[in-house]
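Structures are listed in the sections that come next.
Presented sequentially are two complexes of subunit A, the first with subunit B as partner and the second with subunit C.
Our next item is the complex of A and B:
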């Protein structure tokens, strides 16, 4: 038996256990046990979490060549976040948006994503425009096990060969657009096509998707011209295009779309051949730079800023009017909203739906959030003014309705609407274990 | 592999037209380097801002030629201001400081344009809209007009440098800055004027090229990169060398596109740059140094 008043091995006098002290120790122990039970319970975690907002990261190309797309994309994110916060947040918690600029560089993008995940401790991310940057950053979300809701990136491999359990694309991709557009191209415009494409990841994968579907529908692709992105004078390359075919199909975006539209018109190519292409060629933000030279162009897009059916809904009107007002503040020329505003707005709302459905509180609940997002059905309404969509479980790829339009007098005229069910392509993704 | 004559001729015209646009951008750059030893990384942004001033003036006046002159003058003044406030205090220091300063100016101007004008591309309507049949193509007269105007502007600059009083001042300053000052030439103002002329040349190129692409905050980037290649290949500081190099490189790229893909064709200029630096670093189109 140790003598009372002995010192411990550390040489500290051990207090004498009087009755009062015993009662005090007992009370302290009980408090600790009670506190531990309360504070350690999931109920308490929820209560603590509800005191702070959801931290959502948003990476965009706000400077560099991708800035025209990134700036409009960010407006979509901000519109959705403001709307959610004004309505009281998600599950009573507001959203704190942490915006980063990837400077249109994959290495910078990756560094900014690391910063968001490690320093800012974001709960999820919504954003990303340039495919090469999205592809560079996807493994980082995988490493940190955080949901990455992509806003614009269109490279096919994002949800096929390079798919990732933590990354979701809540809008369309080239194979689905090709399935939707090819019957129209071959049936109504012409059988033989020459494809002019941006010679990098997105342009090449989109070219492959259209070539496959044009052939499946009885047409043929007789030639292709890949032009490096950022080429200011495309005329030497366009001058080579000649021969017997029916239509030219363009796959470019942003400033390159404007350059191609202008220079193909100047050489008479768009009069000699039918002129069609990916909707990115003549987004509403490109129309002022193209002027009358893009008249007659037939395109496909998930979103066109018109009030014609089926977009003549009160939710689309509300979305459109708010987007126009915000875009006007960013650009005095007052551009109409494009698919970059729309898909980022809806990506935030898809995340909101997933958080509500899963009861997501923070990163620990990411598996529950993923389970809620897989197979998520989004119904046309204020959150999804573009229309219904489904986020497929097998590859995290959404399917949406598509609009085929013709540009006339500087505006869009819807020629056909393809329901989402007619855009389905089989999944081609295997998630790593 | 046989190349049809029509394609060869079309690419020859393309090469010369593109070469003259490039020569105009590069001549401003080489003028500034040749006289001031300043590598102006903001040249592309002056090209872009010139195009934006052209857009605004065109909207206000409806006249392309007034827009061209107004943009040239406005950006020349801006160039003078940039020189006086940013570069003049650095003259005589390590050349790296002026490189960093102009790079900084380029970032400021690019982001200013994005903030001021927004991301939406603007249109400059070309003043000449017709075209003529060139084999299987409709070739726009405007592209030929750009080449002719570029020849006229560069020719005017050459005459000014060769025969004008102020041109003689500029050449004297290039040859020996100290002696020029001793002879009463106001060297600091000559340098300011040179930077303003270079900036004005960039602006004029931006307005002339605007109708072919649409005006946006990034439009100067790709041109200025190629202009730097032209300046090195043509011989740093040599205007005639830059013109020859611009046409040479543009023709090579145009001809290369007959055989290889565009992605491979654009590499040609870099190959020429590397070979020049390896075997004739003074430039291909200047006399052999003694």
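Our next item is the complex of A and C:
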């Protein structure tokens, strides 16, 4: 080590230290040390972080067959982000939303997620509608160790066999709905059921969940009819349904729900049997297409756009009115908000709550954010107008209150409210190490 | 090929392969991964050129070969512990070859639009089977699996880092190109081109046209399956969406945009189309398909031989 005043290896003589020079060096050293201590300290990191907004990615199906759901879901995200930003942000930092379109294709979805994580350097993601895309993208969040708040994806395996430490589902899933609905189905509507389901992964897994719970509650499932999705004429399938049973249970969504509702009515099935099903069958966006033919249908959903108790709260009214106004801008026919708007709105607010609780500043704090989200209790209020909910630690699955309703005169009428505690299903997830 | 052209061709080939090999060392992470994906889609497009460009048979069934290659690899990777790369290749190629043989047997008796429609219907049948057989294929959700190691027993075992995977894909795509080029320049390839030009005359001079067409479909299907295996290795999932006929449609677009009957053209078309789609989607989010469609129409009208044909004509003055 060379000392001051020594000759360097290049042979150039260094000046002798004077008192003034030593004081100068000392001052400079002290400044550097002080600066280093300040700039390198966690306090400074927090200050730098606070200067920039949180970058939240949001991947939706904005084109392709998933576009109707994706566009609706994005409205929920934007509503929450605007509300948070108008209130000053989270911990004083605003949210910058980066939206990407997955084209309803898993390969594009995966590429967009890579782009958000690598190029945009997002802090977390909120979104996702199509289960196959959610499942294809979940390992990417795992690789980059970034929190993924799923907005709509329904498939059961997301929080069971394919669960992932970085992915959270802050809304319900079919097994919980089956637990909530089966006592009502068997106790009030009938013991013997025939299930008509969309013949693919979601329809099949939902069918299994309901069949199990109906049997557990003393009922029976005497038959099942699987119909391929997108079938325009379901009558060849429906006309074969006959026999001695009390109720017909439908598991479809979107346009298929409308087709089934109309054609089952035309064949007289909905008069002959009790008529019930998954809430996806007659979301508010489906009601105009179903008209009076869906009257008498009993369904279950985490969200119904009505102002009846217990949803007659000022915060639900505020959420409802803003959602209606935004949906009208997208679709002039003025659809009512559905569970896709609600769950995306609340997913952003769940993330906000986790960030506040954990003091999350950026990706380095992801473990702290995960710890805060695991077991998160969300209280009914402006952030969560749907009601209280718990995000379970063991599988990152939320449990929420459920609404059992009947459709009458083209509108929903709440028949029963099942508290979140009565929807619990044992966890079936093992996170990889 | 003259001596000069021969020299220029091989120097050009070496330079392009060298540039593609160096790319992962200099490109940012996202673009590195994207380039590997472009090579895979390029291989799929190249495989379909055997039918579209060389034999004159427009296939809308390539999604089935691609998807079955992917699901074959998925079955091998999920069924072996630890996941084995060579088994994935074997299963993927065998699945694609079996499906291609099945499709070829029925569809090659038909010509033109009837052949195209038959291949489309077959691909949709496979799509529906995969989509609804949830217990075997994961149904709509597809299958997720781990990536194997790049290993040759007793010699080496490497983890597939993004760069290693890129070089592996590049090597396979380059070798596939050389092999397909050799085939298309062989007497067999000449017969395929003869079928494209005049099927009746080819039959009249004594060639068993149906047999040649069956081999062409199988050859094309096997290379499409190889692209499926590579896609599965890169993305670690297989989904029924890849068997859907829309993928076949995109492959036809890559051919038309790049230039059919050139092998390289479809790769260029895939690169151009994917890069343009990525760029436009960043500016127009959900409306990017509109400018993309306009550009596609412009290429079809003003560059009927595709980008490669246009470049050749421009270079030749």
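Quick note on the criterion: the second predicted complex is superposed on the first by the 398 of 433 C-alpha atoms of A that agree within 3 Å, B and C clash if a C-alpha of one lies under 4 Å from a C-alpha of the other, contacts with A are read in each partner's own complex, and residues count from 1 in each chain.
Criterion: a contact is a pair of C-beta atoms (placed from the backbone, for glycine too) under 8 Å apart; a residue touches a chain by one contact, two chains touch by 3 or more.
Fair warning: this is a prediction, and the values are worked out from it, not measured in the lab.
Student: Once the shared chain is lined up, is A:414 touching subunit B (first), subunit C (second), both, or neither of them?
Tutor: Touch status of A:414: no partner.
Student: Which partner does A:324 contact after superposing on A: first (subunit B), second (subunit C), both, neither?
Tutor: Neither partner.
Student: If you stack the two complexes on chain A, which partner ends up touching A:99: first (subunit B), second (subunit C), both, or neither?
Tutor: second
Student: Going by the contact rule stated at the top, is it subunit B or subunit C that touches a larger number of residues on subunit A?
Tutor: B
Student: For A:199, using the defined touch cut-off, is the partner it touches subunit B, subunit C, both, or neither? Pick first, second, both or neither.
Tutor: It touches subunit B and subunit C both.
Student: In the superposed arrangement, does A:115 touch subunit B (first), subunit C (second), both or neither?
Tutor: Second partner only.
Student: For A:63 in the superposed arrangement: first (subunit B), second (subunit C), both or neither?
Tutor: Both partners.
Student: Which partner does A:268 reach: the first (subunit B), the second (subunit C), both, or neither?
Tutor: Only subunit B is touched by A:268; subunit C is not.
Student: So, does A:237 touch the first partner subunit B, the second partner subunit C, both, or neither?
Tutor: Only subunit B is touched by A:237; subunit C is not.
Student: Give one of first, second, both or neither to describe whether A:228 is in contact with subunit B, with subunit C, with both, or with none.
Tutor: both
Student: Across the two complexes, find the residues of subunit A that touch subunit B and also touch subunit C.
Tutor: 63, 67, 71, 199, 226, 228
Student: Contact residues on subunit A for subunit B in the complex?
Tutor: So the residues of subunit A in touch with subunit B come to 63-65, 67-69, 71-72, 199, 225-228, 230-237, 239-240, 242, 255, 258-259, 262-263, 266-269, 271, 285-286, 288-291, 330-333, 335.
Student: What residues of subunit A sit close enough to touch subunit C in their complex?
Tutor: Residues in contact with subunit C: 62-63, 67, 71, 99-101, 105-107, 110-111, 114-115, 118-119, 131-132, 135-136, 139, 155, 157, 162, 199-202, 204-205, 226, 228.
Student: Can you check the complex and tell me which residues of subunit B touch subunit A?
Tutor: 7, 10-11, 14-15, 17-18, 21, 110-111, 114, 117-123, 125, 131, 136-140, 142-143, 209, 211-219, 221-223, 253-254, 257-258, 261-263, 265-266
Student: Any idea which subunit C residues touch subunit A in the complex?
Tutor: 28-30, 33-34, 37, 128, 131-132, 134, 138-142, 144, 231, 235-237, 239-242, 278, 281, 285-286, 288-289
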